[in-house]
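As structure tokens, here come the structures.
Two complexes come next, and they have one chain in common, chain A, joined by chain B in the first and chain C in the second.
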Partner chain A sequence: MFAFPANIPSRSAREALSRRDFVKISGVCAAGLATAGAARASEKRALDPDRRGVLVDLTVCVGCRRCEWACNNANDLPNGDLSDCDDQSIFKSRRRPTSVHLTVVNRMAGSDGSKPIFVKTQCMHCEHPACVSACLVGAMRKTADGPVIYDASRCIGCRYCMVACPYQFAAYEYENALTPQVKKCQLCQSRTSRGELPACVAMCPVEALTYGRRDELLKLAHERIDCNPDRYVNHVYGEHEGGGTSWLYLADRPFTELGFPALGPDSPAELTETIQHGIFKGFAAPVMLFGLLGAIGKLSHASTAHTHAEHTEKVTP
Partner chain B sequence: MTLEHSIETSRPRFFTPGVWVVVAVAMIGAAALLARFVFGLGRVTNLDNGYPWGIWIAIDVACGVALAAGGFTTAFVAHLTNREEFHPLVRPALLTAMIGYTFVALGVMTDLGRFWAMWHVMLPWMWQGNSVLFEVAICVMTYVTVLYIEFLPIVCERFIGRVRLPGVLRVLNAPVDRLLRLLDAALGRVMTVFIILGVVLSCMHQSSLGTLMVISGAKLHPLWQTPMLPLFFLLSAFAVGFAMVIFESLLASKSLGIEPETDLLARLARFIPVLLGIYTIAKAIDLLNRGAFVHLFDGSRANMLFIFEFSLGVVAPFIILMVDRWRHSARGLFTAASLVIAGVVMNRLDVFLLAYTPAIEIRPYFPTPAEFAVTAGFIAMIVLIYRFIVLNFPVIERLEEVRA
Partner chain C sequence: MKATLASMFTASGLAAAALLLGADRIAPSMHHWQEAPLAGCRDCHDETGRPPTNVHQPVAFAHDSAAPPATSVRDGVPDVVVIAQLAEHYSPVMFDHRIHADMSQLSGGCTNCHHNSVAGAQVAACRECHSPLRDGGTLTQPSLKGAYHRQCLGCHRDWSHENGCGYCHREQSPRTDVAHVIDPSDIIMTPHPRVQPSGSYIYQTNSPSGSLVSFSHDGHAQAYGLKCVDCHQGGSCSGCHDGSAPVRHAAGGMPSCQACHATNNCNFCHADHARPAFEHSASTGWSLEPQHARVACVSCHGRVEAFLTPSTSCRACHGDLSPANFDHRITGVPLLGSHALLECSRCHTGSRADSPATCNGCHADKHYPQNAPGAR
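On to the complex of A and B.
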């Protein structure tokens, strides 16, 4: 007949935590600390003061959608004729960036029937991006000079970055069965590293898009607002939203009317990282829990040692 | 003759008509699973850029992890606080956790777009310490390993003195037996460490599973979205851990035709109302604190979901278990345990799916038949493997008594 001494088969083990156990535990803890330390080292976010960005002046945009064409062209995505851009029927539905259109322009009618305005959308290249904080294998990376870059060779395809992005600007290649990628604007990093402008910026016929140092773009944006207070709302979207973004927007009406989410000044990543590092700081909490459980085990085993002996004798003849 | 007869009837067979139904469900699931790997996520699921996570994450992973919590809660109560009377419940709970977590891993793998790159999670130079998912992944992987180690003594016990290899391998019988005995003795010495490690790892990832959705910000409805999500997830994991043990034990008694351990289970069930009470107080403080309580009366869909989840999974079982007479009846216990389980399942579904609204909804998400089939198939496989192991390994004490 089975004795069922549960999972601690031998009596020696039932004497709960011995000194030897604690040596082992400290080994585990040391490993934990090392991991935590390594993790923290990688956390430091150093952004160059001269990091780049793009200023979008929505009051200038004419909705020609040439930037969409240029983007697909530059990123080797399926593309139509340049003349296809003039098709106005596409504005009937509101579109989002997809895995084959990294940037899309929507026509937004004002809530009070005011004249429509065109809104170009793409990944905002957040200063403290939720997608980067979320990605468990570091496939999303904020480069010091601005762009948030995706590295398919690390990605495992969990799509947590998409759950995290507050703008829903990361898209997935669901149709690809074997090597799907997360697709989003890369701020044309391959072009800018050669000293060229991002494709969409270079293409824009009315200079609605300005590429440059983020701090200078911010200055420029505020200058424009100050010089034309009637033309703009006094708000540069992206200056503070969600911890700030590399893409900055000027508009003539409140951004909430244009489908921009109203985000606080903190990145969504901030709160999670605070919770996470608060709980796991230096692995203190888990280690303490380990110790506490060990102590509970030791105490309760000691207090019932007598019963145990009896029990053991009974069941193992 | 009569003795043999009684052994015949008391030792349940693996296949019964019900089991064949489960086998059929598992087969359909396997077919859908094959389709997913051949045709890709886009063709088989209804996921899109607005809903990157569907039922495979919400049910297979989030509910799976929660419902496998019985492993660490019983391990804690029975071993660490050393309550001898609960020891018979440890092995079934351990087995559920072991199989459950194995299928959580399979569920994750099914959902991963680049499943073949899954091992990146194990490469230190890929690690991204800010990611909550990273912490969950590492904890779950380590915990699965710990569960397998905790299960090894059961394997040893099954085979020690009974190693009968076929044919020429017979010469190995004695050495294998000796090895098993060595392994068993060695495990006995270190098992406490693994048990504590299991509890610590469980507390870590059960709570972090809640932290996971904090980063989704406004996409998750304010009735659920809170920095306290990790606490709620941990508390509900404790509660559902006990509920699962009760639920399973009663179910096993019924399907294997053995007497239910009502008294023992009633004693275990006492923990549940305490946990539900703490949960309720914490939830009330949180809702008041964030001002989210206004959504309790706005009549929205989320409002209804919340009321449903809370009354079903917290209020109802709390009342049932507070009545002594009900708590001491198999039916009362079973009802209360089922309600807690249903409530936690609802909660995880709400947090991961139903109360999650994309920034811009492209189209509402409803799972495809194939998504349902995979999920149902995984559950069916869990049931089959559980049954097989229970019938062939010393897991359920009373069954062993019947057998002996």
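On to the complex of A and C.
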């Protein structure tokens, strides 16, 4: 706390009064803004009941990496020849999506020596995305029909979205000094709006990827588990994780062995939004804050006035 | 049957309705039902009415009852199948059906690929269920392209680690020149590279009755006349081929010794030392040459699960060995001339019935031929 020098009380008191006026005015303004902001945030994001998603059956994936090639092709990212995908040496190290590979396939060895399984990763397109919650400027947007879309024209490059992502799947163009963007899967919205499948889904030779309504995909996933209990673990990753995701996964082993984070059923954004929205609900926090400040100010003013009076009495001849 | 996707799903829906109504049979408009000589709805569909799946395939139906059924893997199956249904998109694939059919005997047979089909029924073509279009109106089935790729890559990626397009999609496959086989019932004579059964294995165990178990692979594969598939069942390609090493002789799905040798005698297998491979004459003192060598073990020893020591009496097996009932020529010693008139006991003088005949009772200069039946 800043303490005023004791030898200039009258000046301090005059300034405190003027500051109080300022605080009153700014408090009213802030209250108005906060109320409006809280009202916006408290609106439940409405999701289309027929929003889309993708079901990945990891027991079917053969690790051909054609999805990576198709993704780069569809997004005008640097791409090699199709036969480059046959290079198996790339599986030696585990990869994350980057600014030039929005989806990557990793080979995961089983913990008990079971045969390896291939895991495709990309933005999961959460139902209640933390990146959208963290974005200061609305550059990340959850569309009603499923995809989480990034708008580079709004982005200020703070990269809060990347920190907020529980999967760490968003990437940044660090190599681009002038106009860097956050890069992530957009679920091929340009293709799906034309009635086409996402590029990776269309390319997959074994059709390990199924694009469709999320509710139908969930039903399908549970049917597959019911019909083939020996083939799958009884868990659809993304059904509940982090509040649910548009990308859903089936596998033959626990997902924690495959590098998937163990998330609770609430969105990571849920906690922060609840706290922040709760604080500002009904203008409670500003009222309490400024009430407290006002009380401190009043007490301080009374004390200062009393001291000033005493001082005045003492110097009176 | 032309089981289109639409009809399959309409059928499954109606099957569910029939189940709900307690109907025992589906209306005769169901194509697959009309041609399937089977019982109730639940033979195919579970209580949810869902269609049978790749794995959940409780029953199969004849897709084309007019076509002659294939009665064995050899009968009426093609050597090479040209997969060209999607030729406008992909170069045709020459699929070596014969070698896959032969090798499938080790791991489940035709239904490995021809799911929802059973032996004895004409198998359905993939395209009868799997639509050439990706969005065939259902999410539950892969399209024709996906179905083909799953069938091929599902196995090949495990053991050859091949998943490149060029592995299958090329103009000519060097493996389409399939030699015809000699023994149709075993893989040893198939176009699969001839399997060389290795000699013997000595297994180290913790058993107090003898830590070593000697297993003669040669004996089982050759002397006992077992076929590979008699033991190697339920395995997979990658059980032998793991990609890095061409062949690994440790196929999965092997039955334990006790599957055949159900004995409580630990010493049947366990010993403190490595045992030599079993040889009937040396190990038991009973030569099988020449005639008994052609007889299956179980003919004398009963169940293979627990070998019995048979009686050494010839009559125990051969019954009445009077000259009228026994053709002495099969012993390798035809009874010619006056020999045919002799009583058996004139030559077979030993107390045991298997005692070799003696010639020198009459012929001072003759000896009984070597390798004749009986103990030495």
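Keep in mind that, in the parts below, the second predicted complex is superposed on the first by the 263 of 317 C-alpha atoms of A that agree within 3 Å, B and C clash if a C-alpha of one lies under 4 Å from a C-alpha of the other, contacts with A are read in each partner's own complex, and residues count from 1 in each chain.
The criterion applied here is as follows: contacts are C-beta pairs under 8 Å (C-beta built on N, C-alpha and C of every residue); 3 or more make two chains touch, one makes a residue touch a chain.
Note that this is a predicted model, so its numbers are computed, not measured.
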item	value
Residue contacts with chain A in the superposition, chain B compared against chain C	B
Touched partner set for A:G212, first chain B, second chain C, both or neither	second
Touched partner set for A:H240, first chain B, second chain C, both or neither	neither
Which superposed partner A:L82 touches (first chain B, second chain C, both, neither)	second
First (chain B), second (chain C), both or neither touched by A:H222	neither
Touched partner set for A:R107, first chain B, second chain C, both or neither	neither
Which superposed partner A:T272 touches (first chain B, second chain C, both, neither)	first
First (chain B), second (chain C), both or neither touched by A:R191	neither
Touched partner set for A:V60, first chain B, second chain C, both or neither	second
Of chain C, residues touching chain A in the complex	50, 53-56, 134-135, 139-140, 142-143, 145-146, 149-150, 153-154, 157-158, 161, 163-166, 238
Chain A residues within the chain C interface of the complex	55, 60, 62-64, 82-83, 85-86, 88, 115, 197, 202, 204-207, 210, 212, 216-217, 220, 223-224, 227-228, 230-231
Residues on chain B engaged by chain A in the complex (per definition of touch)	37-43, 45, 47-50, 52-53, 75-76, 78-82, 84, 87-88, 90-91, 94, 108, 111-118, 120-121, 124, 126-135, 137, 150, 153-154, 157, 184-185, 187-193, 195-197, 199-200, 203-204, 207-208, 211-219, 227, 230, 358-360, 362, 394, 397, 400-401, 404
Touch list for chain A against partner chain B, complex	1-2, 4-10, 12-13, 16-17, 21, 24-25, 28, 35-36, 38-40, 42-43, 94, 96, 98-99, 130, 132-138, 154-160, 162-168, 170-180, 259, 261, 263, 268-269, 271-273, 275-276, 279-280, 286, 289-290, 293-294, 296-297, 300-301, 304, 307-308, 311
